[in-house]
Each structure stands twice: as structure tokens, then as C-alpha cells.
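The following pair of complexes shares a single chain, subunit A, combined with subunit B in the former and subunit C in the latter.
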Partner chain A sequence: MFRKEPVLGGAEIAALVTMAAAFAIPMITKNVLVYSVLNQALVGIVAAQSVWIMLRMNLLSFATPAFMAIGGYTVAIAGRYEITDAFLMTALAFLLPALAAVPLGALVLRLRGTYFVLVTFVLSQIMQLLLFESESLTGGSNGIAGVPAVTLLGTEMMSNRQVLLFACGIAFLATVITALLTRYFRQHFAAIEENEILAESLGLVVWRYKAVGFVIAAGIAGLAGYSLVNMLLTAHPSSFSSESAVDFIAYTIIGGRGTILGPIVGTALLVYATNLFGTHGQYAQGLYGILILAVILAARGGIAGTAAAAFRRVRG
Partner chain B sequence: MSELRVEGLTKRFGGLRVFHDIEFSLPPGALMGVIGPNGAGKTTLINVISGRQPPSGGRVFLGGRDVTGQPAHAISRLGVGRSFQQTNTFKGVSVRENIARAIRFGRRGIPQGLEQLMGQFGLIPRLDEQSDKLPYGSQKMLGLVMAYAAGPKVLLLDEPAAGLERSERDNVDLFVDHVRRVGGASVLIIEHDMDLIRRLCPRIIVLDAGEVLADGPPAAVLARPDVIAAYLGDTEDAA
Partner chain C sequence: MQQFLQAAVIGVSLGAQYALLALGFTLIFGILGVVNFAHGGFYMLGGYVAYSCVSLLGLPYPLAVIGAVAATAALGWVFELYFLERLIDDHLATLMLTLGLYLVISTGSLTVFGPLAMEFHFPVTGAFHFGSIYVPKENLVVLVICLTALAALWAVLFRTDLGRGLRALADDRAVAMAQGMRPKLLFPAAFALATGLAGLTGALVTPILALSPGVGDPVLATSFLTVILGGLGSLGGAALAAFIVGMVEAYTSVYFGGSIGALVLFVLVLLLLVFRPTGLLGREVRGA
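Up next, the complex of A and B:
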């Protein structure tokens, strides 16, 4: 009567296939514009996945840029000491933000709704302050320029293609972690999202799952920061502004918060649109806003969510 | 088997006293009703015992163990289950998933006779329907089945018959009988339906203005003039 669920569902498999397919793009084109847009999209997808994990528990987090900064600056500071090994850096970029999230989670996860939103926004603002004021560590307003390229199995990933391939690898890894986490805890996260009081009365230790989600989401955001710094070869406070959280949230909502495909689809569309509208000068922001409005009005569940619902209806 | 015992239980919201110095014990397998006018503190009493809200004073013991002030999940895992006055399910998902979650979160395996209970309430043919699309009565019974599916030793029922049609109220009798006989749990039931209370409960307590006004067998308690004056007359009229 109560069926056992498969390890990965259709949406998770589709997300992994999509992210694996991204590896093919640097192989079939050398177009610099394509590389640039894809790099931005891959960073955005990873950051949006961090937002999405928290939204699975109905928690809208603005803390993503703060954890991205920890991951990004970890890599930049390690570069000063010529530590560039990809595996080591990936582990540090994930683990340090995740560790930072443990005490922060103990503070902010008591909150719900608008209070959680406000406090996570303040966390990002405080991180900005720390980045500017800790000049000896972070370079202050100058940031850390000239971050050395990452080395993978002794090869320096220096060319545009190698940088993009590395970003594909980070995005794929983040998608694997996100898929496994949200699939394994699917019922727990969904129960917290839908009816936290009922879930707790049935014995679910709600704070524990929120903490696990917050810590992993912080690690994922750290990976996004790593990918961003590796793309720019610079760590600068402006790359991790608290306002950028709005973009990551928009990516997730527009793509669809109900499925792991949401952050991927939403980021791909909005990053592409940003670059497309960027050629229209002063109209760019307006066009971007109109696109977001149109999608919200036409597809309440986001693009991927609405498409999935339509697919289910057709299939009966 | 666990005895539920409350000693001097008190709850205040700021300057507002909800209830004061409540004392009773519910032996393993026993059934007790709690009645009283609206605002007497009945639901808050369940909230405090189940860990939803901390008490302002007094102690709650389960099987001799002091569980006062523990969070709701911890008290649930110690064996105290509860239902809610309003329909309360995981709305976006199927009946099957709702019950599966209750079993999973309760962590005591599938309780004895669960399928039989689901069958009695007509839930088996509706397993794949979304829970909030069910008729009100079925949603209410689903909430009760979920409380049982978590495997409680003590079950606190908050107006299980509220909003049910007369023909559906027998399901509450069936449920309470099943929980005690098959599940071996004790039951504390808050209810305004006095017929149901008389039918089911060998013992009731009457709460009025946050105090225990009376405690004993229904025939004796419901005949008391102070109980009639405080509560029963109005309810009998309404019923």
C-alpha cells in the first residue's frame, strides 16, 4: 500500500542530464559570447539551487550571497598561498560556508516568514561590511585580484574552454548534491513546507531538517562563489552584493519552486534575457521586468512547474 | 503502556490566565472526556500537554517521566499523539502520502489495524486523491487516521466530531474503540457533542474559566447544578 520511492525521480534525472549536456557546449563552439552567457548561467544555477533548497521548506533566504562570498574568498585567499588544487578548493569552498552556517542557522532558523527573510538579508549586508572592513584578509574595496587559475590533476585550467568546463563540473556537482538531498528528504521538506505544525505533532524534528537544509544550501552557495571567482579570477565585494540575492530568488521562482528543474530553467531564461536586453541600453531593466511579470502571470507555478503540470494533465 | 499525569498545570498568556492548577491522570488504555464552554482552555490544555505551547507552571508526566516543556516532536516521539479541531492534513499531496508521512515521522512502524481503520472510513478507494479535495468529513477522519498512524500510546483528540454530519459521528466512536482496543492507547477527548461524550466516556472533567469544575462519571457530573449552569444547559439546547 505504501510504495517505496526510487532514489531519483524524473525531475532529478532530467536536471542531471541537462547539467551533463552543458559539458558538450564548450566542445561544439568557441563563441566567446556563448561562453560568457553559459558561465554566468552556471554560476546562477548553482546559487539558485541554494535558494531552492530553502524554499523546499518554505524559507525564503537572502543569505546566498553571504555564503557565496565565503566560498569565493576562501579560494581567492588560498590562491595567495598558491593552493589551487581543484579537489581541495572545491571541498573548502563547500565546507567553510557550510560550517559557518551551523552557528548562523542556530540563530536564524528559529524565525519564520518575513522575519527569516529580513534576518537573512541582514546577514548578507553584514558580510558586505566584513568584506570591506577586513582589508588585510579580503583586500577591502579593492578585493583580491589575480587569483591563480585552478589546477585539475596538474593541469592549469586557464583557457576559456577549461574555465567553462570547470564551471560545468561545479554546476553538475551542485546538482548532484541538491538532487540527492532534496530527494532523500523529500517527504520531510515537503511536510515542513506544507504544514510544519502537523509535521512536528507527528514526530518530525523540524529544526533538524531545517538545519541540514540550511547547511547544505550554504555549501552549495559556496560552490557558486568559487565558480564565480574562478571565472573572474577576482574576488570583489560587489560580486556578492546582498541585492544579487533578488536575482537568485527570481531565477528560482520564474523557473518553478516546485521542481529541481526550476532553478535551471529560470536561470537559463533570465541570464539569457539579461544579455539580450543589455543591447537595448536604457530599456534593458524595463524589458527584464516585463518578462518576469509575463511569466508570473502566465505560469503561476513557474515555467518548469507549469510545464510539468501540463505534462501530467496530458498523460492523464 | 504509559500513564499520562498532569500536576498543577497552569497556562497564562501575559496577564490572561487560560487555566490554572489542572490535575488529572489518564491510566494506560483509559478514556476520559474534557468538556467546557468555549474559551475554557480545552484546546490550550492539549497544546500544552503535547508540547505545542510551554506551560506557565505545573508538570506533565508520561509513564512516570517528566516531559514538561519538551518540544512537540519530542513528546510525540515519547508516544503522545494529537488531532486538531480543524481539518489538518498535508494539503498538496495524496491520502496515501499523508498516511505514509505519519508512519514515517512517528517511527514506530505501521500500527496494528491501520488498514482496517482506513477501510472503515472509506479512505482506501481514495488513497490517490489529493487530501484537500476530499469531503470535509473524510478530511477529518484522515486527520484522525494520521494521528493513529504515528503510533501513539496516548492520543489527545481535539473535537473530533466538530463539523461532522450526524451520520458521520459514529466514525468517531469506531475510531476511539479501535485506538484503545487494537492500538492499546489511552484517549483524552475534547468534545461539545454531549451524546458522544455520554456514549464513550466513563469519566469526564469539566473545565470552566480555566479551573476544573467537576471530575467523575458523566451521569454524576452532568447532573450537577453548577455544571448545568456553567455549560451544559446551553450545549444541550444547541445540540
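Up next, the complex of A and C:
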């Protein structure tokens, strides 16, 4: 039904090269500010990729923080039992949110566009309540502090550099998964984005691809939660607030929803810009708002899309 | 029994507030097909405009409320006409535009008024005692105004040409336009009507509850819950669901306390989505 495509396209290769280059930064500098911004950006990039996967099918998801919470709290709770193995916890941080997404997906993917948006918003609110209410498991409003560092091949990843390197690793892994998924299902996702009803009537089993996308996007979000908890060494409900979903959506839209480079570029630039506000970080949301309005009204491709179009024009 | 009636009073007054918010929200969706993420923002803005009128301009509170309605309705009109109108058929784009507007409104309020809650109090205080039931006067005033506004909204929608035009556009835009309805005039009017209602609710309720830059978020979440419960785009459903939500919140907070009420509502909504995805009174909705 669909023509064979190369395994990875130009945008995916550029994304992987960018994420691989991130490993070099902790090796060449010890600047605390650079470390902090880069670490936040790496968490944001993973979360934004989760949003982006769903946007490929024209579905805007606010559920990212909910799945991040499952991944993050899994790691924090395992830490209580001194389980810190990097490979095991990475697998669990991906698989548990993905598993949770199976029944949730069956519920919410019956809904189209607008309803999907509203219900995912409600889902992230439910997760907040559950985190606060199930105190014996999640520590309630205290959260879980003092999460032990990751153990990678027998080494405890304690230092700032090691934490950052681990975040680079998680982000790289998430980018590989996202790139392979969206590339493999490129035309299926594009058909759903373009016209779901037409795609279905032409024989595409739409719910199957939506379900696969939703489950893997949940897994990716879980990885973001792992990276976030590992950065803060704390799992707290406020890290997974439903308002943070707005940030990840802003990163993705402003960066550009056309290719996988969008969420990466958007997150990097906006996290950097947010840090320029210094202690007045709450004002950054206004900037996001203005940029969202500008992108939707004037530059539909976002930063990455507009830059790519300009590049093509220059080259003729 | 006394506690039971007391909770009913709280529930009705919450329900009336939620109804004003949810009706505006569902009106915008039903007529324009737009999910208004800025609805909580308009509520908050209503509160701040009323506060500014009272404390900076020294206006009496009733005039301040009218000022808040006018300001939020005007902003809604302009935003619809110059921003939403250009992309009106793209659900996701209009949703993101309203999300952008919300971020701008809340950051704007934060910049102008600062992060702290305002000293903004309802001019009427005290309480009525009916037997052993205690009803704060401020809640009663708000309830009366909300019910009046609901009745006025009903009259506008079902008894005037404007309302007939709006409902025609909601039913079938192409046919309504062929019959001479003018979306360029009616769409901004519908949006302004809805945002004005949000502003009215904000101006009335924030002096009783609180006025700070974060107050829009829970309002948005409650509006979502209410319209999902009632059926997106259904006016009757929104009103019914608003009172259900109000009652559930009132009774759970009186008898259980904490956030049980919110959990009960979430479970209700999820169950409804399994068994009746179109909501209590909804039908197959446009593009949703």
C-alpha cells in the first residue's frame, strides 16, 4: 500500500547528529549554568518529542506530564529499594507508562480532535490528584526526596557531569525511538493528519496506528520523567503539573511540527530564552504565548520549518 | 438535615457560577468550533478589571462589574475578528491561538498586578439565617445575578433574531450563510458574548474567592469537565452538568473534604466517556 522509504531521512539524521553532539558539551565545559540549561533542555526535548509524535496525527496531547510522572515515580520508588541499574530503570521508565497508555488509549483514542485535547488535559489533572492522594506510594505533597543516583555498569553517576551525560543518553535514546517510529509510519501518520476519514475509508486501520503512537509517546514521556527525576534527585507532584504540558506544547509548536527537528530546536531555544529571564522565569510564558500566536498566524512551519524554507529558497 | 440543606445551597450557587462559565465555553465551541483555552483568562481578566475600576478609579462595585463585562467582551470581539477569524475552520490552530492568548493574558496580569493576591472584597457582607440554614449574602447576590444572566442568555438565544442566527450557524454554517446569516458579524458577537459572561463571572466571584494570576487554571479545568459531562456544544447539557458539578463539589466537600470531589467528578467523566462519549445531552458534534 505504501512505497518503500529509506530508514532515516535528512531531518532524522540531523536530529540524531545534534543529539550526539550534545554529549560533547559536558566534556568541554564545567560551567554550572551551561549544565543547568542543557539538562533542562534535554528533559524538555524528550517531553516535546512525546507531544510531537501525537501531533504527527493531528492530536494535541496534554497528557505528557501524566506519563512523565509514571516514569519518574517508578524510578523514585525503585530507588527506595536501592534499585538503580540504568538499563533496568530505563526499560521500566519506558514500559510502565506505555503499559498504562494501553487502556487509556483505548478510552481516549475513540475521541477525535477536540475531545482528545480536553480529555488528555483532564488526565493530567487526575494524575496530579492521584500523586497527592496516594501518600503511602508517592509521598503525597512531600514527594520522594533523596532519590539515589543512577548506576551505569557498576559506576554511580553522581557528579554533575555524569548526570548530564546520562540525560544526553536518555535524550539520544528517545530521539532514536521517535525517529524510527515516525519514519516507519511516516505515510500512515501523514494520511491520518491529512484526512482521517478518507484514510480510514481507503483501508488504513487508523486506530492501530493511533494506538501505537499513543503508547510509544507515553513511553517517551516516561523517559523524560526519568531524566527529570534524575536531574532533581526528587520526585514531586509539582514537577508533573498539567501546566507544564503547555510548555512542552509550546516548544513543539514554536519549534515547528513539520519534522523531528522542530521539538529539538524549539525546546533548546525556549529553555535558553527562559533562563535569560533569570529569577523571573514565570514571565517566559508570555513570550511563549506571543510566539505561539506568531507561529500560528504567520509562520506555520515554526522555527525549524521557516528556517528550512528559507534555506531552500537561498539554494534555489 | 441541616448540613444537607446547607450543602445544597452551596451547590446551587457553585452550579450557577459554573453554568455561566460553561455556557460561554460551549457556546463558542458550538457556534465557532473553537475550544477556548483562554476562557479562564477572561474570567481572571474580569476580576482584575473590576478590581482596577473599584480601587484605582473609585467606581462603585456594580459599575465595575459592568466595566469588566464590557472589557472582556471587547477583547473577545477583537480577538475573534483579527485572530481566530482567519483560521476559523482549523480546530487545532484556533485552539492554539486561544492557548497563546491565555499565556499572554496571565503573564500580562502578573506583570501589571504582581504575583500576590489582591485585596478585593465583595461590598455586601453578612448572612441570612433561614431557620438553621446559613446563607452568606454575597453568595445570594451572586446567585441572583448568575440566574438573571442565565435567563437573559436563554432569552437572547431562543427569543431574538441574533440568537436564532447564532443557533443557525451552530447547526449548519453553510446553510445558515446561504440564508443570509453573516458570520463576520455573528462570530465575533458570539465570542464576545461568551467572553463577556466569563468576565462577568470573574468580576462577581473573584472578590469572594481570590484574585491572583493563577485563578484562571482551575476555572479552565472546571469548564472542560462541565462541557465534557454535558456534551460539547450542547447548551442544555452544559447548564445541567454545571449544576451536577456544583452539587458534587458541595456535597463531597461538606461530607468528605479534600480533593475527593474532584476525583469523583473525574471518575464520572471517564465513565461517561466509556458509555456515552457525546456527553449527557450531546449529539454527534462537529469535527469532535
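To be clear about the criterion, the second predicted complex is superposed on the first by the 288 of 316 C-alpha atoms of A that agree within 3 Å, B and C clash if a C-alpha of one lies under 4 Å from a C-alpha of the other, contacts with A are read in each partner's own complex, and residues count from 1 in each chain.
Rule of thumb we're sticking to: a contact is a pair of C-beta atoms (placed from the backbone, for glycine too) under 8 Å apart; a residue touches a chain by one contact, two chains touch by 3 or more.
Since we're looking at a predicted model, the values are computed, not measured.
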| item | value |
| --- | --- |
| Touched partner set for A:Leu204, first subunit B, second subunit C, both or neither | first |
| Superposition-derived comparison: subunit B or subunit C, residues of subunit A touched | C |
| Contacts of A:Thr279 with subunit B and subunit C, given as first, second, both or neither | neither |
| First, second, both or neither for A:Phe132, with subunit B first and subunit C second | second |
| First (subunit B), second (subunit C), both or neither touched by A:Gln187 | first |
| Residues of subunit A at both interfaces, subunit B in one complex, subunit C in the other | none |
| Parts of subunit C lying in touch with subunit A, wherever the complex brings them together | 29, 35, 83, 86-87, 91-93, 95-97, 99-104, 106-108, 110-111, 115, 217, 221, 224-225, 227-228, 232, 258-259, 262-263, 266, 269-270, 273-274, 277, 287-288 |
| For the subunit B and subunit A complex, residues of the former touching the latter | 50, 52, 71-73, 76-77, 81-82, 84, 88-93, 96-97, 99-107, 110, 115, 127, 146-147, 150 |
| Residues of subunit A touching subunit C in the complex | 58, 60, 107-108, 110-115, 117-119, 121-122, 125-126, 129, 132-133, 242-243, 246, 249-250, 253, 282-283, 285-286, 288-293, 296-297 |
| Interface residues, subunit A side, partner subunit B - complex | 1-3, 187-188, 190-191, 194-195, 197-206 |
